[in-house]
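In what follows, structures are represented as C-alpha cells.
The following pair of complexes shares a single chain, chain A, combined with chain B in the former and chain C in the latter.
Then we have the complex of A and B:
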C-alpha cells in the first residue's frame, strides 16, 4: 500500500514538474503585431525553411537564440523537433546550396525582447520571466 | 557568354562586399565557409585511389597516406540586394588535375525570387542529379568522409552555366521542391577537356516530417576532343570502322540519369538509400548503382555503416575491327584501336563496397570522422583507380582508411 502511494505521489510530482517545464518557454511577438496564433508547421517553416511570410501575414522574421541557451534547446526540442546534430547538417546543406540562411540568433531572452518591441514583424521565443505588457504570447496550435 | 557573366557576378560581388551592413537591413552580406582536412591510406600500392576521377595523383602508389584526396576549402559570399534579388558566389580550392590548388568557381549566380515559392537563377550552378549532389563537397553536411563513389562518380561534369527554376509547393503536410535546370559546362583534365552542352535536369524533393524523398532525371550531352579524334581514326577503316564509331561515339548522344533516393531521420538514428541508372549508347555504357547508409547518434558520436554496389549493364567487351581484313600497318593500327576501345568500355565502375565509420561532433561546426572502406572490384574492373603501374591487376580488392576533420563557419 505504502509502495503504491509513493508511486502515485511520484506520478503527481512528475506531471506537475512537466507542467512547469512546459510553461518555461513562450513564443512571443510585439504587442502591436497582428499575429496571435500560429500552426506548428508554420513555426517549423519559419525556423527551418527560411520562410519569411505566412498566409494572411505581410511578412515575419523569426528570431533565434544563441546555440548555448537553454531556451533554444527547449524550443527546438519541443516545437521544431530537431536535434542540434540534425540542425547543423540541415543548415550546412541549405547554406552551401544557396537555399537560405538560419534565422538571426540573439544572445538571450532579454535581447530577443528588445528586438521584438522594435519590430512588429519579428517573432521569437523567450523565458516567461521576461514577459511584459509590450509583448504578446502567440498560441502554437 | 555565360562564363563571362559568371565572372562579372564574382567581380560585382567583390565590389559590393565593401558595404557590409548591420542586421536585417538590405543590402546584406553573408560570408560562410566549409572545408575538410583529410588523409586516406589505400592498400593497393600499384595504383592511386582518387575521389575526383580527373585528379593527377592520390593514395596508394603516389603516397602511402594522401592528404590530397579529400582536403578542400570552400568560401561563399551572398549579397541580398533586395528581398527578391540576391547573388551568391562559392569558390572551392582543392587538388586539381594539374596538381595545383587554384580555386574554382562552384556556384556563382544571380537569384530572383518572384514569389516566396518561386525563384529563378542564372549563372553557374551544380546539377541536382542525385540526393546529395548539390552539397557533395561539403563533407560536414553528409555522414561520410566522401560521397559514395558508386553514385557520385557517375556524372562527369557536375557544374553548369545556365538557368534554373525552383518551385516550392505545399500539399497538406508535404513540403515539395521542384527544380528544373538547363545549361552547359566544361571540365579540364590533364590531356584535354570535356564539354557538356544542352544538359537539363528535373528533380523533385518531398519532405514529410522526418522523411525525405527524392527523384531526379537528367540528360547530359558531353563531348571530348580526344574521343572525337579517336573515333575519327576508326572511321578511316571503312564501313566496319564507321559502324564502330557510330556505336561508341560520345559526341551528340545524351547520357541519361534516373535516380531515386530516400532519407529517414527521426533524430536518434538515420537511414538513407539511393538508386541510380545511367543509360547511354556510347562507350560510357549503361550502369546501375545503389547505395545505403544507416547511422545511430549517441550524443556527439555517430557510428554509421554503408553498402554500395555498381554494375555495368552494357557490354564491357567489343571484338572491334578484324585485323585480318587490313594490310600492314593498318592491321597493327586496328589491334591498337581495339585494345584502347576495350580498355575504355571496361573501365566503368563495377564494385561492391562496405563501409563503417565513426563521426565525432566535438564542437559546433566541427566534426572528426574515421572511416574504413572495403571495396571489391568485380569482373576485371579497375575501379576508377588511376596511375596504374605495370604490375596492377584489375578486379582485386582495396581497403581504405580515412580520417577527416570537417568544418563549417
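Then we have the complex of A and C:
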C-alpha cells in the first residue's frame, strides 16, 4: 500500500516538475532592457491596473496577445489568476469609468518579439520557441 | 339636639372655584397630569427627531443622486462619442482603401480594445467583410434589415449567446457600387459597469433607456435587465421638467429617480436610489431614538411616581394633623357652649339661641315659650345618696327632658338642678301646658340611683314671647318668677308668668 502510494506521489511530483521545467511560456523583455526579475504582484499591477512604471524602474509598457491566443490564456491563468469573464468585467469597468485602457494586444508571439526588440521599455510574454539572443527572460518571483 | 355647635360661619361664595383648584393640587391628579404631559413631550420630540432624520436622508439622496447622474451622464456620453468617432474613423479609412481597413487601424492602435468592442465591416448582402473578431458575425437576420439606409448613427440592441449586445452602425460614405456598413458591437453591460454599490446601494438603478422608455440595459446590484419597459414620463415631459428627482416604482422597488436625455443620442440615462434601502440604513438610529424616548419617559414616570407617593404620604399626614386639630377645636368649642355633665347647651349658648329666636321671630306672628325648670328635693337626694348619684340623676333627667320635647326645641342646663327649655313656634298656653304635663310626668317616674329607686318632681315656670317680654333677660326673669310661684304653690307643677302675675296682684 505504502509502496503504491509513494509511487503515486512520485508520478505527481514528476508531472509538476515537468510543468515548471518545460514551461511553455516566458516573460521577456528586450536584451537591452535593464529589467531582469519582476514580482508577481508587479506583473499583476502592470496588466490589470494600466500602470506603465514600477517602483525603482524606468517606464514599462506591458504588451498583451490576442484574446484567442494560447499564450494569453496560459499567461492570465498562471500569473494574473483571472478568468476571461473576470477580465472582461474588470476592463469594462475601467474603460467605462475612464480609468484605464487594457495593454495593447498583438496578434501572436512573433508580433510580440518584433515589438520588444524595437522597444527596450516593452514587456511581453511569448512561447519559448520564439526566444532568441535579442530577448531576455524575466524571472517572475 | 347637639348638632348646632355654636355660631355659624359665613358661607364663601368662591367655594366651588377654590374646591376645583384644590382638586387640581391633589397629588394624584397633579402628578398624573404632569406625567402625561412629560410622556407626550418626550414622544413628540422623538417623533420630531425621527422625521427630521428621515427628511435628511431623503435630502441626501436627492443631492447624491444628482452627482451620480452627472458622472454617469458624462461617462455614457464619452463612451458613445468614442464609439461614434471609431465608426467615423473606419469610414474615413475605408474611403482611402478598399481592403485591410481594420488591420491598418489596428496596427496604429486606433481601434478600441477588442476585449470589449468588436468592429466589423458588413457588405450589402449582410456578410462580414472584415472584423476584429474571428467568428462569423452572428447577428439575427432582422438586424441587417435594420441597418441604416442613410448616413447617420443607428443604435440597436440584440441578444447573442445569452448576453445583451448593443450595435452601433453607420453606412460607409464615399464612392461605392453597393452600400456597406461599419458596425461596432459591445456587451450592453459595459454601459452599466460603472455601477458603484457604495453610492447606489444593492437596490439602486443604472439604466440606459431609448426614446420609448424601453431599457436597453439596466443594472440593480449585480442583476442585469434588458428590454423591460420603464414607466417614466414621456421624453418631452422630462426635458421640460428639468432635473428634479421623482419617485418611480420599477419591478417592485420604489426609487428616487433622475432621468437625463443624452445630447445628440436617442437614449436617456436613468439613475435610481432605493428610498427604503436608505431608510433601512437609518433604522438603527430611529430605533435608538424610540428606545431612548421609552427609557427617558419610564425613568421620568418612576421619579414622578416616587414623588407622588411621597406627596400623598405627606398630604395624608397633614390631613391627620388637620383632622386632629379640627377635632380639638370642635371639642374646645363644645366645652365652651355645653355643660360637661349632661352635654346640654350651657347658659351662654342658650342665651345665644334665645336671642337668635327673638331675632328670627321679629315681625312674625309666631312666638315661643321659655320654660324654667327646677328639680324638687334635689338637694336632699344629693346629700343622702352622694354627689355621684346626684350627677347621675341630673344626666338621666336631662335625657328624659330632651326626649320629651320636640326635635327643634332646645333643652339647656343653667347649673345645679336648674334647666331651661325653649319651645319654638308656640303661641297658645294650652300648647305649652301639653308639653309641661309631659315633662312633669316624665320626672315623676322613679330613678334608679346607686341601687335605690328614688322619686323626684319638677317645678316649671313659663314665660311667653312676645307677650311676657321682648328680650332674653326679661323672659328669663319672668320664667324664673313663674317657677318660684310654682314652688310656692306646692311644687311638682307648672305656672305661667302671666297667670302668676295676676295671682300676685
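Going forward, the second predicted complex is superposed on the first by the 122 of 141 C-alpha atoms of A that agree within 3 Å, B and C clash if a C-alpha of one lies under 4 Å from a C-alpha of the other, contacts with A are read in each partner's own complex, and residues count from 1 in each chain.
Note that a residue touches a chain if its C-beta (ideal position, glycine included) is under 8 Å from a C-beta of that chain, and two chains touch if they have at least 3 such contacts.
A quick note: this is a predicted structure, and the numbers were derived from the prediction, not measured.
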item: Combined model on chain A: chain C and chain B, fit or clash; value: clash
item: First (chain B), second (chain C), both or neither touched by A:52; value: first
item: Contacts of A:61 with chain B and chain C, given as first, second, both or neither; value: first
item: Contacts of A:82 with chain B and chain C, given as first, second, both or neither; value: first
item: Which superposed partner A:104 touches (first chain B, second chain C, both, neither); value: both
item: Contacts of A:92 with chain B and chain C, given as first, second, both or neither; value: both
item: First (chain B), second (chain C), both or neither touched by A:139; value: neither
item: Chain B versus chain C as contact partner of A:36, first or second or both or neither; value: neither
item: Touch count on chain A, higher of chain B and chain C; value: B
item: Shared chain A surface residues [contacts with chain B and with chain C]; value: 67, 88-89, 92-93, 95-98, 101, 104
item: List of chain A residues in touch with chain B within their complex; value: 41, 45, 49, 51-53, 61, 67, 81-86, 88-89, 92-93, 95-98, 101, 104, 119
item: Residues of chain B defined as touching chain A within the complex; value: 23-24, 30, 32, 34, 74, 76, 78, 83, 88, 90, 107, 109, 111, 116, 121, 126, 134-135, 138, 140-142, 173, 175, 265, 267-268, 297, 302, 361, 364-365, 408
item: Touching residues (chain side chain C, partner chain A) in the complex; value: 75, 78-79, 109, 112-116, 134, 187, 189-191, 193-194
item: Contact set on chain A toward chain C in their complex; value: 66-68, 87-89, 91-93, 95-98, 101-102, 104-105
